[in-house]
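Chains here go by letter, A, B, C, D and E, matching the order in which they are written, and residues are numbered from 1 within each.
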Amino acid sequence: MDDIKKIARELFTSGKVNAVLGYVSINGQRTKPFLATKPEETDNFIINKYILNNLTVYLTKKEILKYGKIGIFAKGCDVKAIVALLQESQIKREEVYIVGINCNGVCADFDMEFSGETIALKCLNCEVRTPKLYDELIGTTEEMPKADDGKLKMIRKIEALSSAEKWDIFEEQFDKCIKCYACRQACPLCYCERCISDKSVPRWIESSASKRGNFSWNIIRAFHLAGRCIGCNECERACPMEIPLSLLNRKMAMVAQEEFKYVSGLDPNTPTLIGSYDLKDDEDFIE
Amino acid sequence: MDEKIITKENLKAMCSELLKNNVDVISPLENGYLKLKSGDELTLDSKAKHTKASFKEYVFPKTEPIIFYKKSQSDVELLDVKMEDKQTVIFGAKPCDVRSIGILRKVFNWDYKDEFFNVRTNNTITIGMMCQFCDDFCFCTSVGLSPVSSEGSDIFLIPLDENNFALRVITPKGEEFIKPFGKYLMDGIKGKSEAAEKNVKFPEKVFDSEKVKEWITNNFENEYWNTIGKMCLGCAQCAFVCPVCHCFDIVDEDYNYTEGRRMKNWDGCQFDMFTLHASGHNPRDIQSKRYRQRISHKFKYYPDKFNEILCTGCGRCSRGCPVSMDIKEIVTGIGELANKV
Amino acid sequence: MQIGYYPGCSLSGTAKEYGKSVRAIFKQLDVELADVTDWSCCGATSGHVTSHKLAMALSARNLALAEKQGLKEIFAPCAACFGRLAVTKQELKNSPALKEEIEGIIEDKLNNTIEIINIIQLFQKIGKEKIAEKKVLDLKNLKAACYYGCLLVRPFNILHFDDAEQPTSFEELVKSTGAEVVEWNYKLECCGAAHSLPRKDIVVDLSKKILDDAMKHGANVLVVACPMCHSNLDMRQKNIIKANPGQKEIPVLYLSELIGLCLGLDNKQLGINLHTIDFNIRLKKNVEEEVAK
Amino acid sequence: MKIGVFICHCGENIGRTVDCVRVAKACSFFPNVVHSVEYKYMCSDPGQNMIKQAIKDLKLDGVVVGSCSPHMHEKTFRKAVSDAGVNPFLCEIANLREHVSWVHDDKEVATDKAIDLMRFAVEKVKRNAPLKTIQVPVTKRTLVIGGGIAGIQAALDVANAGYEVVLVEKEPSIGGHMSQLSETFPTLDCSQCILTPRMVEVYQHPKIKLMTYSEVEKVEGFIGNFKVTIRKKARFVDDTLCSGCGDCAIKCPIKKKALSEFDEKLAFRSAIYVPFPQAVPNIPVIDKEVCTYFKNGKCSMCVKVCGRNAIKFDQQDEFISEDIGAIIVATGYKLYTIDKKPEASEIKGYGEYGYGKYKDVVDGLQFERIASASGPTSGEFQRPSDGKTPKKIVFIQCVGSRDESKGFSYCSKICCMYTAKHAMLYKHKVHDGEAYVFYMDIRAGGKMYEEFVRRAIEEDGVKYIRGRVSRIYEEDGKYIVKGEDTLAGVPIQIDADMVVLATAMVAQTDAPKLAQTIGMPYDNYGFYSEVHPKLRPVESSTGGVFLAGACNSPRDIPDSVAMASAAAAKALVLFGSDMLEREPTIAFVNENLCAGCFYCKKVCAYNAIEVKQIKDKNGNVIKEVAFVNSGLCQGCGTCNATCPSKAIELIGYTDEQIYAEIAALM
Amino acid sequence: MENKTFEPKIIAFVCNWCTYTGADLAGTSRMKYEPNVRLIKLPCTGRIDPVMILKAFEKGADGVLVSGCHPGDCHYNAGNFHARRRWIMFHKLLDFVGIDENRLHFSWVSASEGKKFVDVINGFVNKVKAKGPFEKYEKINKEFVING
């Protein structure tokens, strides 16, 4: 890997940015997001198999925005979020300096040895190992371990079940929800000023972590991300209750692809899936 | 009562008996503190990592109705919630979890007595267990606890070997509880449990909570808050998995045209809505202010008011933080700043 | 390529030569015809005028058998069989209630997913390239009038493979044999069909017009793809000549026979020798000379 | 809030199946309802007075009327409420007639449903806000799209009332299809003779700005305030210099390369051409596709012969912007194309009729040209293939119309009449000729129409055969028409010299495109939709856009002219006041909550969402939020539903109101 | 237990211009149909937010009907096109989490299709009747009921 600290420092010294979002190591492999506001703060910057966070989530946070032009270290999947944010007018291209990382997969979690067993599921079949958008590209792509896409299998399995069986699965999963909203806060595309779940007039989504409040929340969260979710899977990683949120997100992404040939986060100039229409959109389910 | 010895098998048998008597038995399993369905599920692994969430849920649920109402044209009829009179046994909790009930009791019985909490905790027996797990996030010793602390437990277990536990009765409530189970107990052997306790690895004490409190008192506007707080995403994962975070929100929910319920729900100080005024003004308008509140509440305001640190050093919030913010590291940082002063 | 095969009654009876030539040429073209085992009547003619449900049930039974055999497509060379099977499939698809009822009658379940294809569609599937590749002789001496009859491209709301009023797919195929195709007016006119037995006079009248129009436009052979058409145009041609002194003969070939000639098969292999009207000697001779070369 | 509930029996219409007394009683127990009564006819004066009186006596600030559909009497009751001093938008209607009493039999069940609907309405009205109608100014200029007879009539009517008109025609000349016609039914007036004066009047009218060879490119804005961009296509002739002498066309060496559109491809025209001698304006255009200059730069004969140097090969398309208050769409029709399959795969052509294959099988407009004195044969009946006079002509009606399997299911309306006219014109000139008409039904509804058809049959001896034609083929120079005489029940065969297909009027190919440009609805056939087929037949549902002529559905000249005048009248009604009132049902943005994702902008069909910058006190942009242009917003609420955080709300149908209705279910 | 046949509660979200008017037409034509459906009038199908559908279930609906103008006929030009796209995503999502497709019905009913309106209502009511009460949702709705 290139000398990450040097690259980060240079962003400051060349005057390209006012602050840099990167990863710093905690102890050995574990990393955490960090916003360097001075060149010397980049000394702990690191790129390894454990740069799990999608730093683009910070690009819409007020406290980060005030620094002006931001440099960001971004994997291909993270860049998809940047593309989506561009499509949705949340950032201006010239306000973000993207250091794209040629990615060979990250680990599913910290404290694990990287291998085909522990590679994050989102990395399997990744088509953006080289980011689609960047100002500068670092690293090289190498062979990546192969693994079974367990989540996809699970989706297919659920699809084949009866409605009642599906319901039981999700009722049990959603019941675990404690409404901590870590999924929402960790999502780079959940940037609403006021989440609909926090709105009380009217209260479309009950704030209680009751069964029905949880059901509504999880459904609407998935729907609001339908056609937008870029699959970074930060929501699922953030969830303390280990709810398999990616099942819903991926299912929606699959529908988007099957119905509209739409893959989110690839091109900032594509019209968004919701927000555009085609005269030939599927009609069969409508009487 | 003297210290006794009980085998794992007998502990399981005890559980089974409790379950038969319609008692809820909660114990840390692989996926968290769960209601046991049978005694055999009991693992009692003192080396296990902390569960994702504490057992707070069982004494202070994530959501519960506190009143029901029925509306008519001009009137509202209120109906009390009937609490189930059911005994709960928390079995084999870590010292840092067990301690939480004592800390919480203070805030729930200060100006207003929270009957829901009180009924539940009064019906709860806590069986603590010595902890043999310690990772980078643990810091119970810095907040006045230890892996062998039995504070808050009614009964305390000390693993002696794979199959045998020393059983120490701590409170009269515990004494009362254990009576029917005398058949499972054997006499203890002097010194064995003390030796086991001595073998436990204690987390290093990393800060002086008194000094931390003092620094916080004097440094409300310190740049440090901004430095650490801006990376926080503003979720409430930390608060909701915390054994002692206890903020709640009250909302009314209709379930039909005329009837509804008033719910008490967990809330978290990291949410931007937490302090949003009706006027639109928000005194804690940015994340670092909210993060300052979290730390200050735990290490200054609560100690000031109740003489208890609102933290048991379990490290859960750090383990689960999506952006790996580490409360231990952050408060240690405060300690260092305090030392410099 | 393997394909399900529903021969139907005609191909082993009145249209033996059609059946024979179909088997012969598809073998040549590397298509394996997998017969629907225990096939029964398709429900055509007397079937569907007697009882709608009987006709449905008969076809449905055959479809169910084919499904059980694991066939994905079945090829029905007879235009009537093809029509019955295709219509049944469509009607059962449109009405789940009817499907349920018919399933009750045949005491069998039907997924109703089988594709039913006729001879032209099968050739289209195989591709003209394949015919060109296997071609032994060029039938350039033949001037063919391609006769669709009423059933081949109908019912068009089910078939959709060619324009029902101005079809061209038949001609396209015949062209690949090297034969010339003539533009004529009667390619979709009625041959008299099932009147063949009760009202011979109608057949004589209608079929004569077809023969005349074909010859008038320069055809020296008529090509058909339906056993009923063939019997009216070939078998009844003698009657037509008898009723109309001076009427000339014109041989009537099945499409499969024509393709067979092009693939180098002989009259016997194709059953052409069974026709009432001799495949014109001169034409045959030309063909044989080519083979000799 | 104090809500009054008023239940109408509607005579017996509601009362028969809904127990109005029970409904009123039930409503009286709803929270906030302080008054609940029923009455025989709520919409009558005494009924309305009951409402007004109750408002005064009980100081009601919300009213719910359980009555007929709001589409009937919402305005009535709102007005009554308003007269009593309460904001009219604090009145809601529950539809107890169309949606309850008329559609259910069981009185118990119907009454229960009525109570539910009342509860919905009460819950909604509680959350209604007092609203004010929106006032917008009106630009008193009219855009007429299409210069056929409908467009001409509409333009003249508006201009004669004293208001400016911009008339846009995509062809080089106005006149439309009517200018191609020979004579018109049922009077047999010469079409051009009656049309040409009108065309000239348009050209000379001081209030009409005529733009031929031009197309509407973009329409922005809204009723009373449209901004229209018009593309003036390059003619390659400077219309300010050209004197219309016609020398260029005479000298143009291209004579047999381009088929005349005006003569329906039965004759040739030059590369530089005026479509027909009476064209308005009489200024030629150059057909770039065939002109030698544009092909290889070798010829410039027209430049040489033009005494006024009006030929400009370098002319470019121009874009002209106009401020417009009302739009009259009069884009007309085209004929059903039968020689090949139309684009839509479900529609099959009429290959069996041989149109396009046989020269002497022609369509209705081609026959008009053959019959026309200004046509390629100067009005002599000659068949296109060999110029011989046809002695036997078969006319086939309903080609493309009333035929779901091959064309469209609608009746093209004019074909019965024009076929009778064709046959009659033919018989008048070829006395020994035979004319056969194959018809399905004869539809001759119209003043003097039936008489006209009878005349063709009885006086002129046109033979009408009821039946369809199955096939036409050529044999020995004759066209064998095979069909069925369904009255006689026999197959029939006619060896004709010529066949005329009465092809249907269909929507213009690019009709949907213009509809999308303007933002108005169209039906499955591509005809523009009126708001109400009976009561608002010339208005499109887009405010300020009116319809005239065959762009709305097949219609003949008198109907088109009548419709054009009606559309003109509608435009003039609009110009009758300086300000317009609009329903206040529009979207509104809560700027605090808006995160500026602009999904609302993406889904808005009216470009009503604008970007607004929020600045701090120092003038720095803090964020960009959505802003609703209240003039453009039509109130569909798609933005509201799309906004993930509901930062944009549709006034009158807010989330809170809808929620309340849902919550009132049980 | 209960001899009474199950009468489902159904909420319909309809647009003002087509389906609501189509329902008016069914009324003026005195057609009869099942009484189980309660219409909520919205300006356009574009206004229908999936949260409304979910809320209707939450409030005890056994089925939800959504209906508006045919494609191309939208009073607001494109509201129904946007709605259709949303529905594609939403109904697949609901199907995936186990809300039976038979409980959520989409249709186009124009102002002139009084008959179709009747057919749609009757068809859907019968479908939901066949499904029975929405017990799964009822169960999560009744998690905290008055001392139950």
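General remarks:
Here is the rule we use: a contact is a pair of C-beta atoms (placed from the backbone, for glycine too) under 8 Å apart; a residue touches a chain by one contact, two chains touch by 3 or more.
Worth saying up front: this structure is predicted, and the values here are computed from it rather than measured.
Both chain C and chain D are touched by no common chain. Seen from the Cα centre of chain A, the chain whose own Cα centre is farthest off is C.
In this structure, the chain pairs D-E and A-D differ in their number of contacting C-beta pairs, and the larger number is found at D-E.
Across the assembly, the mean Cα position most removed from that of chain E is the one of C. Comparing chain C-alpha centroids with the centroid of the full set of protein C-alpha atoms picks out E as the closest. One inter-chain figure worth recording: chain B and chain D are separated by 71 Å, centre to centre, where each centre is the mean of the chain's CA atoms.
Taking the mean of the C-alpha atoms as each chain's centre, chain A and chain B sit 31 Å apart. Chain C and chain E have CA centres that are 51 Å apart.
If each chain is reduced to the centroid of its CA atoms, chain B and chain E end up 46 Å from each other. For chain A, residues that reach two or more other chains under the stated contact definition are 194, 196, 203-204, 206, 210, 274-276. Annotation for chain B: residues touching 2 or more other chains are 256, 263. For chain E, the set of residues touching two or more other chains reads 55, 59-60, 72, 78, 82, 86, 141, 144.
Pairs of chains in mutual contact: A-B, A-D, A-E, B-D, B-E, C-D, D-E.
On the chain B side of its complex with chain D, the touching residues are 71-74, 254, 256-257, 280. Partner chain E is touched in their complex by these residues of chain D: 69-71, 95, 97-99, 102-106, 109-110, 112-113, 116-117, 120, 512, 516, 519-524, 529, 533, 541-542, 585, 603, 605-606, 634-638, 640-642, 650, 653, 655, 658-659, 661-663, 665-666. Every residue of chain B that touches chain E in the complex is listed here, in rising order: 64-65, 68, 70, 79, 81-82, 255-256, 259, 261, 263. If you check the complex, the residues on chain A that touch chain E are 158-159, 163-171, 196, 204-206, 210-212, 215-216, 219-220, 222-223, 226-227, 248, 251-252, 255-256, 259-260, 273-277, 279, 281-283, 285-287. Across the interface of their complex, chain D is touched by residues 88-90, 191-196, 199, 201-204, 224, 271-272, 274-276 of chain A.
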